[in-house]
Amino acid sequence: MTDHHRAAISDVAAAPVGRRLFTGALLAGLAGLSRHARAADPIRLGAVLPLTGPSAATGAQEQRGLQFAVTKFNAAGGAGGRMIEILYEDNQGRPDQSVLAFNKLADLNKVPVIFTGYTGPTLAMAPLATRKKVLLVNGAAQGDRLANASPYLINTLPVVRDEAAVAARYLYETGKRKAAILFQNDAAMTSGRDDFAEAFTKLGGTVIGQEQSSFSQTDFRPAILKLTSLEPDVLFVMLTDGLGALAEQVEQAKPGFTIAGTSFFADPTALRQKGSTGWIHTQVRVKAPPETAAAFKQQAGTEMDFFGIQYANAGSIILRTIAGVMTDKAELSGEAIRTKLFAIRQFNEIIPTEFKTNTASMQIDVVKIVDGKDEFVKSYTSE
Amino acid sequence: MTVPFLQVSGLNKNFGGLQALRDCSFAIEKGRITCLVGPNGAGKTTVFNAITGFLRPESGSVQFQGRSLDRLPPRAIVRSGIARSFQNLRLYADMTVLENVTSALPGQFGEQPLSAIFRPFRTARAMRQANEQAAGILEHVGLGDQARVWTRNLSYGEQKLLCIARLLATGADLLLLDEPTSGLSGEALDRVMALLRRLQAEGKSQLVVEHNTRVVMAIADEVVFLHGGHVLAQGSPAEITADPALAEIYFGGAL
Amino acid sequence: MEYFYSYLILASIFVVLGLATNLLVGIAGIFSVSQAAIFGVGAYVTAYCLVNEVMGFLPAVACAAGACLLLNIVITLPALRVAGDYFVVTSFGIQLLATAAFLNWNGATGGASGMAAIPPADLFGYAIEDTGSMLLLCVAAMLLCCLAFYLAMNSPYGRLLRAIREDELAVAASGKPVIPAKAAAAALAGVFGGVAGSLYATFLSFIDPSSFDLNASVLLLSMVVVGGARTLAGSIIGPFVLLALPQVLTMVEIPSTMAAGVRQGLYGALLIAFMLFRPQGLAGQKL
Amino acid sequence: MLLLQLLVNGLVTGCALGVVAFSFSLVYSTTKIFHVAHAGVYTLAGYLAWSLARAGMPDIVGLIVVPVVCAGFGVVIQRLLYDPLAQRRATHLVVLIASLGLLAIVQNAIAVLWSPDILHFDSTWRVQTIKLVGVTLNYAQIATVVVSVALYGATLFATRHTGIGKRIRAVASNPFLAELTRLHPRRTYAMVMALASALVAVPGMLVGFDLGLQPYTGTTVLLTGTVAVIAGGVGSLTGAFLVSIVVTVLQNLSLLVMPGQWSVGITFLIFVAFMLVRPRGLFAAA
């Protein structure tokens, strides 16, 4: 943003609320259309994340993770001397806002890469990514439909099906036959529920009941009570939010079954709870090296949690690819970055990640939580 | 024997234990001004509500020109030729004076969205006609030069006149006026009284709730005295005022 | 340019919705906070018809409009019986009920995962795939709806609705139909909502319940308030301004971790400021 | 056993909701303001208590201090928002929209100043459980029931038998007359806002102790509360409190016969149907 624009906008912001604010701001917005990137400018990438609204908690974690990767990359000299800058856009977790934000980043700011998350918004942006050849990088959503939504959609985390299948296999191998499911009613978590139910039934187990929670719900007692009364061997949990509350409530109810889940269990608020001891979950490598985690904590002021790690990883992968494109002296387009990504294929940034398709394969571990720490149990590889 | 113009017979209405109307019966004749008097709480407005269908009495019936109005909705009663005003005016304050009148004109084209949207020219023509007609009515009540004024900017006396204009717009033959002169004095009062007499000369029958004895004496052909929801007496203004018992009830306010 | 196009498309769709909200809330005085639910029904009906290849685009729009028309009459019925604030809560309730239905009626709505790959709109065999033609379609639809709104409001019907808002009893005493007029307003608003839903679904090619929740209803209400209640100009200005606002505010430099919350907070402050200092909005009449 | 535990759970949630409902009812029946921002005060209370706890205070300090702070906040809302609106003769609709705006400000300020994440209290007393006739309850839940019922009783007593209470009821029944008789409706409104805000702070904290805090959850709680207020009959504290409990108990029990995702929707469906049949509520004063 040039000084001129900045001055114009701050004038407008200081003006009394009223007609003037809007006309002034609209003009400023239109003036922005004429801006062009210059060679000395930093490389701008976009991110469309839920920074407000009910999913804001996750969005903030994702933003911190991404920014961590960028800061680290810039500190190390950037890509061929050019710094990286991320333009964050808020989609409130909504598809229509995502489309607006995507078009803004792609048309006004000409970014070659846009980071995002959440299945619904990502699916809404996927056709645009195909059309505009902008690389859409999804760092955390795991809805199965993402696997084939667009050739320009890169999922840096295996879709939920892979993890659910591993969880079902491990649980069946350890003698669990009757499973109940507690899931959050959103796209990824419902796919997870379906995937697990399918895999578990195929192996010979039965799903004897399921209960749903809504996003941002923290009272799971009625659901736990009802599922407990069915006497399952295991409760398979597909939640991204409220795991800390779940751990507390499970601790108080002391049910007699195992609790199992996926990578989302690596949530510091849950791990802090005594109730999470004994929980079993699959885990794509979500442990950052200790020095990375410490650096993150120093920079962001909070623990590096699941989404922080995923977006730090997604960011590092893309930045590494961009550096590669710059070394090749190729034009920095979404297409070039995509080609380079598949050329590099194997990344060892924060989490070892391989791209056989546009969805990453990672090693999937089964671990058990004991006093807030993961104890390794067994390893599988995702397909 | 001829059928009375409006016949109210044996109305009873109870509000949570309070007997608002008790075997209330009276008749009024065509072309006359009948005043409905009685102390506060005598049930005058309740009678209006019962006649115009805003209230359903427990028993009794109302006949207008030989037709029963019982159980008809207010809309149908207006169409049969009875319109009423309200004590607290109920004008549309945020609309113009003219609009207050046009909105009461019956049977306009373009009063449903479909005809308004798909026959815009016919609708515009109908609106022009309605405006002319309403302007005529306003002229008649003496508000001709105020047509484009916001209603809330009218003086109280003018608002009272507008209420009457709105009643006229419905085309009703019998006007039920709820305290048309209350709060008025001097010239404004004279204007309303003159208008009521003029309307009578043009054939509009009127039933008027009135507190001011001077007004009653001046305009009434007939007086109905209501007390405790029951008609105590009916007769000429002179007869009613001559009865000391009624005066005691009225002015003493004793029950 | 596409960014600007997509902004214009969404704004025109929201103008149509703004007309519906203005008609009910501003003009008829029915305080409905469930218009996003109607919008959603329009979108889902269209999406269902197109994804399952039940019918083409235009018949699907007609179906959506018809369904929304009937449904809006039904959900506005309580307003004919329940007054004022009670209806607000009823209306909030209807909105929450609709969200629950969108989320859980998996067979029809795809549940939380939403419906993806909705085919683009088409007119007489000509598919509207690029953003430019979609913009033309949306602007044309918006202009038609604005015209209908203008004609209806500047007719005896519009006058009747305004009179009803001012004093229902007086309208009844003038021998005018109150309930049919209100029901007709709900029906017209329903048609607008249905058309807007159809355009929205085909433009985004993906819909999920998050676009039709309580927040969306409140956003619609804010658009009418900021633009100005009761006027055509207000219904048009509101959506354009409020959709531009978050985009413009991103240019104000605030630490990125706080930006979003600050922005949403500002948005609330804006509502309060308007209510305190300019209740007629930018181009409307005082509420 | 499941039945009993669900019933008790509903009862606990209902008590907290009941306080939200009757405090809202107090504001609504007196000032006629549909005070949606009440949900903001409810949420804010939990976060204030959390900060006090983080600063090393025992939770009981929060329980005492925070309602006082919230009472002040309520007065500020009345003086800086609702009074000026009233002076400008704002309609119901305008006031409601302003209140929605305030709610947005409070919720987002919380997300900015604290965190959009779910926060839990560190103290351990609240998660300790006891088992009574086969029903497990934690101390936070027990505190919720005891304190809520006590608040209900105290408020009921206060509105019936104290000078302030009588004044509030007088203003509620006829603000114009109250003005003439120098009851100072505006001062009374501020008092009611203070009282209601202090009241709603308590369930805000108690539910926070039990289930953790989130910036945006207050809205649904308040809406369910308003359902109880209206179904119970506006102006009836008992109606609001009891219907709240009935609603949450039914929501919990409905799990026995259908999946949980429908319970909120069904609640509102029943409410809408109810409004059509009995528009004035169950316990409405004549």
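The chains carry the letters A, B, C and D, assigned in the order they are written, with residues numbered from 1 in each.
Everything below uses one rule, namely that a contact is a pair of C-beta atoms (placed from the backbone, for glycine too) under 8 Å apart; a residue touches a chain by one contact, two chains touch by 3 or more.
Since the structure is predicted, the reported quantities are computational estimates derived from the model, not experimental observations.
Engineer: Give me the ID of the chain with the smallest distance between its Cα centroid and the all-protein Cα centroid.
Structural biologist: Located nearest the centre of all protein C-alpha atoms is chain C.
Engineer: Farthest from chain A in C-alpha centre terms, which chain would that be?
Structural biologist: B
Engineer: Based only on mean CA positions, could you tell me how far chain A sits from chain C in angstrom?
Structural biologist: The separation of the two C-alpha centroids amounts to 32 Å.
Engineer: In whole angstrom, how far does the Cα centroid of chain A sit from the Cα centroid of chain B?
Structural biologist: 71
Engineer: Whole-Å distance, chain A centre to chain D centre, using C-alpha means?
Structural biologist: One centre to the other, that is 35 Å.
Engineer: Multi-chain contacts only, two chains or more: what residues does chain A have there?
Structural biologist: Expected reply: 52-53, 56, 59-60, 185, 214.
Engineer: Could you check chain B for residues that touch two or more other chains and list them?
Structural biologist: Nothing qualifies.
Engineer: Going through chain C residue by residue, note those that touch at least 2 other chains and give them in order.
Structural biologist: Counting only residues that touch two or more other chains, chain C contributes 103-104, 260-261, 264, 269-270.
Engineer: Is the chain-to-chain touch network here best called a line, a ring, a star, complete, or other?
Structural biologist: other
Engineer: By the document's touch rule, what are all the touching chain pairs in this structure?
Structural biologist: Touch list across chains, by label: A-C, A-D, B-C, C-D.
Engineer: Once bound in the complex, which stretches of chain A touch chain C?
Structural biologist: Touch residues, chain A against chain C: 1, 5-6, 9-10, 13, 17-19, 22, 25-26, 28-29, 32-33, 51-53, 56, 59-60, 63-64, 67, 88-90, 92-97, 99-100, 103-104, 106-108, 119-120, 123-124, 127, 132, 143, 145, 149, 185-187, 189-191, 214.
Engineer: Spell out the part of chain A that touches chain D in their complex, as residue ranges.
Structural biologist: 52-54, 56-57, 59-61, 185, 210-214, 216, 218-219, 221-223, 225-226, 228-229, 241-242, 244-245, 248, 251-254, 269, 272-273
Engineer: Which residues, counting only chain B, touch chain C once they are in their complex?
Structural biologist: Touching chain C from chain B are residues 52, 54, 74-75, 77-79, 83-86, 90-95, 99, 102-104, 106, 108-113, 115-117, 120, 123, 126-127, 130, 166, 169-170.
Engineer: Provide the residue numbers of chain D that touch chain A in the complex, in ascending order.
Structural biologist: Within the complex, chain D touches chain A at residues 1-2, 5-6, 9, 13, 108, 111, 115-118, 120, 127, 129, 136, 138, 211-212, 214-217, 251-252, 255-256, 259-261, 264.
Engineer: Residues of chain C touching chain A in their complex?
Structural biologist: 1-7, 10, 103-104, 111-114, 116, 200, 204-208, 210-211, 215, 241, 243-253, 256-257, 259-261, 263-264, 269-270, 273-274, 277-278, 282
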